[in-house]
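Labels for the chains are A, B, C and D, by order of writing; each one numbers its residues from 1.
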Amino acid sequence: MTVSGGDLREMYRRMSRIRQFEATTKELLLKGELYGAFHTSTGQEASIVGSCMALRDDDYMVGTHRSHGHPIGKGAALDGLLAELMGKETGVNQGKGGSMHLSDFSVGSLGETSIVGSGLPVAAGAALGSKLQGLDRVTLCFFGDGASNQGTFHESLNLAAIWTLPAVYVCENNGYGELTAAHKTMAVEHVSERAAGYGMPGVTVDGQDVLAVHEAVGEAVGRARRGDGPSLVETMTYRFDNHAIGIRIENYRDPAEIEHWRTQRDPLVLFRDALGERGIDGDELDVIDKEVEAELAEALEFARSSPAPPPEAAFTHLFTNPIDA
Amino acid sequence: MTVSGGDLREMYRRMSRIRQFEATTKELLLKGELYGAFHTSTGQEASIVGSCMALRDDDYMVGTHRSHGHPIGKGAALDGLLAELMGKETGVNQGKGGSMHLSDFSVGSLGETSIVGSGLPVAAGAALGSKLQGLDRVTLCFFGDGASNQGTFHESLNLAAIWTLPAVYVCENNGYGELTAAHKTMAVEHVSERAAGYGMPGVTVDGQDVLAVHEAVGEAVGRARRGDGPSLVETMTYRFDNHAIGIRIENYRDPAEIEHWRTQRDPLVLFRDALGERGIDGDELDVIDKEVEAELAEALEFARSSPAPPPEAAFTHLFTNPIDA
Amino acid sequence: MRTLTYLEALNEALVEEMERDESVFVMGEDVTWALMGSTAGLAEKFGEERVRDTPISEAGFVGAGAGAAMVGMRPVVHMLIAPFVYVAFDQLVSIVAKSTYLYGGQAKMPITLMAPMLYGRGNAAQHSDRPYPALMTIPGLKLIAPASPADAKGMLKAAIRDDDPVISFEDGGLWGQRGEVPDGDHVVPLGVADVKREGSDVTVVALAGAVTHALTAAEEVADEGISVEVVDLRSIVPLDRGTVLSSVAKTGRLVVADPAHEMGSVASEVAAIVAEEAFWDLQAPISRVTTPHTQIPYSADLERPLYPSADRIASAARQLMA
Amino acid sequence: MRTLTYLEALNEALVEEMERDESVFVMGEDVTWALMGSTAGLAEKFGEERVRDTPISEAGFVGAGAGAAMVGMRPVVHMLIAPFVYVAFDQLVSIVAKSTYLYGGQAKMPITLMAPMLYGRGNAAQHSDRPYPALMTIPGLKLIAPASPADAKGMLKAAIRDDDPVISFEDGGLWGQRGEVPDGDHVVPLGVADVKREGSDVTVVALAGAVTHALTAAEEVADEGISVEVVDLRSIVPLDRGTVLSSVAKTGRLVVADPAHEMGSVASEVAAIVAEEAFWDLQAPISRVTTPHTQIPYSADLERPLYPSADRIASAARQLMA
């Protein structure tokens, strides 16, 4: 799959957005301006952006507790995301969802859900909905290596397969579910090996190489859109931070392993190199980084100056159609 | 695997017990002497008995809503089973379980459970228990083709695999889950194809051939007992009755298909032929059939003359250790 | 007005809503075969895209219903038998009930679940549950339990049209009951209890199968000079406090009859509301007629006495008048 | 007596029971790493066979706990965070709660679940549940919610030794609380409430984190001349009706403080019991102080006021005296 120069720059921009968003929000959390269970996407940018850029704007995406990166990858503006993390009324979820649920429906981000494995059936259903509506929309579902051991993984992939649904399941295999290594929780090397049990294609790609991810997911999206059914794509990636910010247990990962991924397998660095080879040089990317920095500063300003939700807001949205009784 | 003459006769006896037990109880149900949701094992005797005879007496077995055959296969006496179907105090479950839960713990029948897929984790746990206790007991788990689409299937086989548990999962693939054909609910031909996703062996055998089942399950049991971990064995079988006795919808199965299995693939007939080739002739088997008939008549007498549980029994066994509060 | 059985009424509701709105579709185990009756003829009429048999994957297909609802469909998910909701419980709680709120109103969740309760038939502990009390504890779900053919039709139609998740509990004991069902587009609003019989001495708030027993009990004690008002709750969430409280204001005595196990039952909730808000109206203790906190046994002799009956309701009413 | 935190007390209970009985083992997500604190040091002490990290497969490992229990083990299954019980709900209901009865007493189910509740921390709707009300509706489970370090240790030990399934709900808000814990083999029997403070005007029955608030409220209104008796329920199932009813017999007024959502809460159940059995003792309406029937929002400003607090309990007590 060839990617246009514009798309390459947009990929880089989205990766930069995620990277900088996470750096800033992590800092705010450590300073006490933010709170909640806080899982960053730093290190996993290529997997997210390579996948999302294989989608159309009107395609759907379902995600996880590690929710910051996904909507950014799908094209969400940063201000509503930051305001959400601050629990403000202007947040994408009006301050009700927070760190594990940043979801911007306006860009097809259907919902990041923090119960591990709970998004997989939802994605099958969204794909079923599009199919019944006669639309050629595709639904992409992110989930982790840990989530692949949930029963919902099995049921959802099976449903998607027997009903030939336009769904693409992307396993972000970062090697760990919380503090437990993936290889201790499954007896196969790759989550993609499980695809055969559902009669669907399953591939594993380098999750730090945004173009490789884009290519593999793009193929799966094409297949889904043509009506040929779902696929499973596993991206081998790594999270640079601890499972959640603030967890003090660190000894479950070898420091050398962390060091290796951070220094040798940083998806932004790798992509800068790849872009260089394609004639997009560092200066241009630096400009993008600066633009993102400015965007983020504005978003921060927006979030900080936004009002807190009014007390009644605790009671709205329980139902779309509340009934007085 | 060679099977001794004694064991061959015992296999036939158990198959005959199941066949006759089901014929009698079905008749009683249709006459109104029994009640409840009633799923017979007729047609599936080879799969049950071939599997159970591969176990030791002190091995465990976990089963399903189609519960009549399993405990008989594992060696349970008929009187307590029949009394249970009549809701009597002398029933194996003291009249509290009934048709979907005939379980005789004295022969290692750990519990037939009627929520589809709910027994698979229990079996993993029993196997884990034996392992932690340093015992070389094996746990065999029966489940249906339909159950293989439950999340618990996935989670349980994965647990068994990563913990190298002494468990054998036997899928009784009778082609249907209630009225829905198995091929409409999965995109692979065989449930056994799913074993690879858990890094365990998976095989499919002719479920109407008791010796083939015995051999395949025997191998899996040996593997488990040696500490080499779990296996999945799929037995291709068929139920001669409707999903449950009393269901009036019949058009989901082709009459020719039913006819074919009943006349060409009856496991008792096939086994009689195989036994004949091994020099055990029909007369001897007729004697066994007669003995079983007598046993069943006695069991029926026992069940009928047994008392109903006293009203207080509704409240006992809620807890093993009730606390007055 | 025509006379329909409860099951026929459900079927009419499904047919009419599927005809009215293309976004309505039905899925569940063996729905094309109509194993549970209410989906009879739908597959023939609407095809197997809109009437869809599922694998035995309750969490999967309930969650899939939620996903379809989020993109604009109106799924009706048939649970086959009510206790199977437990298998899908997390999807119901974490996704179906919470998405609208969690995403700050971005998600709508117009999904309906049909959940027949088959107790009293020798199905033993795993198959006999009446699981609405567990679900009542989960904000974000609307729960209904229609107790007549007219309500079965009208409330199911309202549920399908509602933009929020609704779980409709059918009492299997009522499936064969015949009753008048208004012609035309008969829709019964959610959240409104129905005074099924007026009376002045004792209020019996009843639910699901207990409504019939309450009406029988009311007849029984009427001969003894006790005038019973029967309030059919119909809707569990939202719960129509107003109707309950005004009835108690009139009678001063309350029996709550609920087929659920006592602990955490709807009966307990109604009792708590009244003890809190209508205490000064009460002239006698509140009485709950429920299923005791034990399992459901297989033995018919053991099972039968456990549930609320006309006799148990009648004697509760008598005791409050003593 | 020593002083321990609530978490240290839980840890001591685990260590002591594992030392005492070889059949006790612990499993759950990241238990060897003690992500939730209470399992600290266990893996080092007892090895990874008896302290076992699980995949993220709640239904699978809860059911596996049940199977192990059925063959004679005493599993302690750590749920990481309480709402994850929903993922394993059917295994809890259909297997853990029902097997003893269903098999006519052939199966014992000595399994303990540890379920920390982490509400009030900006974890939003999916992670903040206090799910004991849903489980209270399921006969066959024993439920406890210790509210002090001494009870945390003593009741967890009792739970592990009990032959029935026990779910222990830890209120995360109490984890850091320090308190005296008796030396030696300190076991607190299940099913017994504890009068944590004596009083004569108003009974406050409180649960989990609300106990601390009730004690604070009692201090607060004592200055105003209102004497509050605080009953810490501790055990939800079985529920110690005797202690509750005698306290109400003495005070004639009842506030029930429960961090759960109001509908179907333990507060509702206690209110119903008292309205049924102690009606003639009551001098005022029963008052429930609970979390309203809405979702838990992320925003700290929105979340905080939703839960029972000392202020809310105090004003409920005042109102009953007015």
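Keep this in mind: a contact is a pair of C-beta atoms (placed from the backbone, for glycine too) under 8 Å apart; a residue touches a chain by one contact, two chains touch by 3 or more.
Here the structure is a predicted model, which means the values were calculated and not measured.
Chains that touch both chain C and chain D: A, B.
Without chain A, the other chains remain one piece by contact.
Here A-D and B-D were compared by C-beta pairs in contact; the pair with more is B-D.
Of all chains, the one whose CA centroid is most distant from that of chain D is B. Centres computed as Cα averages put chain B at a distance of 36 Å from chain C.
Look at where the CA atoms of chain A average out and do the same for chain B: the two points lie 45 Å apart.
Centre-to-centre spacing of chain B and chain D amounts to 40 Å, using the average Cα coordinate of each chain. Listed for chain B are residues 93, 95-97, 101, 113, 115, 118, 149-152, 155, 158, 162, 184-186, 317-318, each touching two or more other chains.
Residues of chain D in contact with two or more other chains: 54-55, 57, 59-60, 83, 86-87, 90, 94, 101-102, 124-126, 139-140, 239, 293-295, 297.
Chain contacts in this assembly form a complete graph, since each chain touches every other chain.
Taken in their complex, chain A has these residues touching chain B: 149-155, 158, 161-162, 184-188, 193-194, 196-200. Taken in their complex, chain B has these residues touching chain C: 35-37, 84, 87-88, 93, 95-101, 113-118, 146-147, 149-151, 177-180, 184-186, 247, 249, 252, 308-309, 311, 313-315, 317-318.
Residues 29-30, 33-35, 53-60, 83-84, 86-87, 121-127, 292-295, 297-303, 305-306 of chain C touch chain B in their complex.
By the touch criterion given at the top, residues 23, 25, 49-50, 52, 54-55, 57, 59-73, 75, 90-91, 94-95, 99-110, 139-140, 142, 162-164, 189-192, 235, 238-242 of chain D touch chain B in their complex. Contact residues of chain D toward chain C in the complex are 83, 86-87, 89-90, 93-94, 97-98, 101-102, 124-126, 129, 131, 133-140, 237, 239, 260-261, 263-265, 267-269, 271-272, 274-277, 279-280, 282, 284-288, 293-295, 297.
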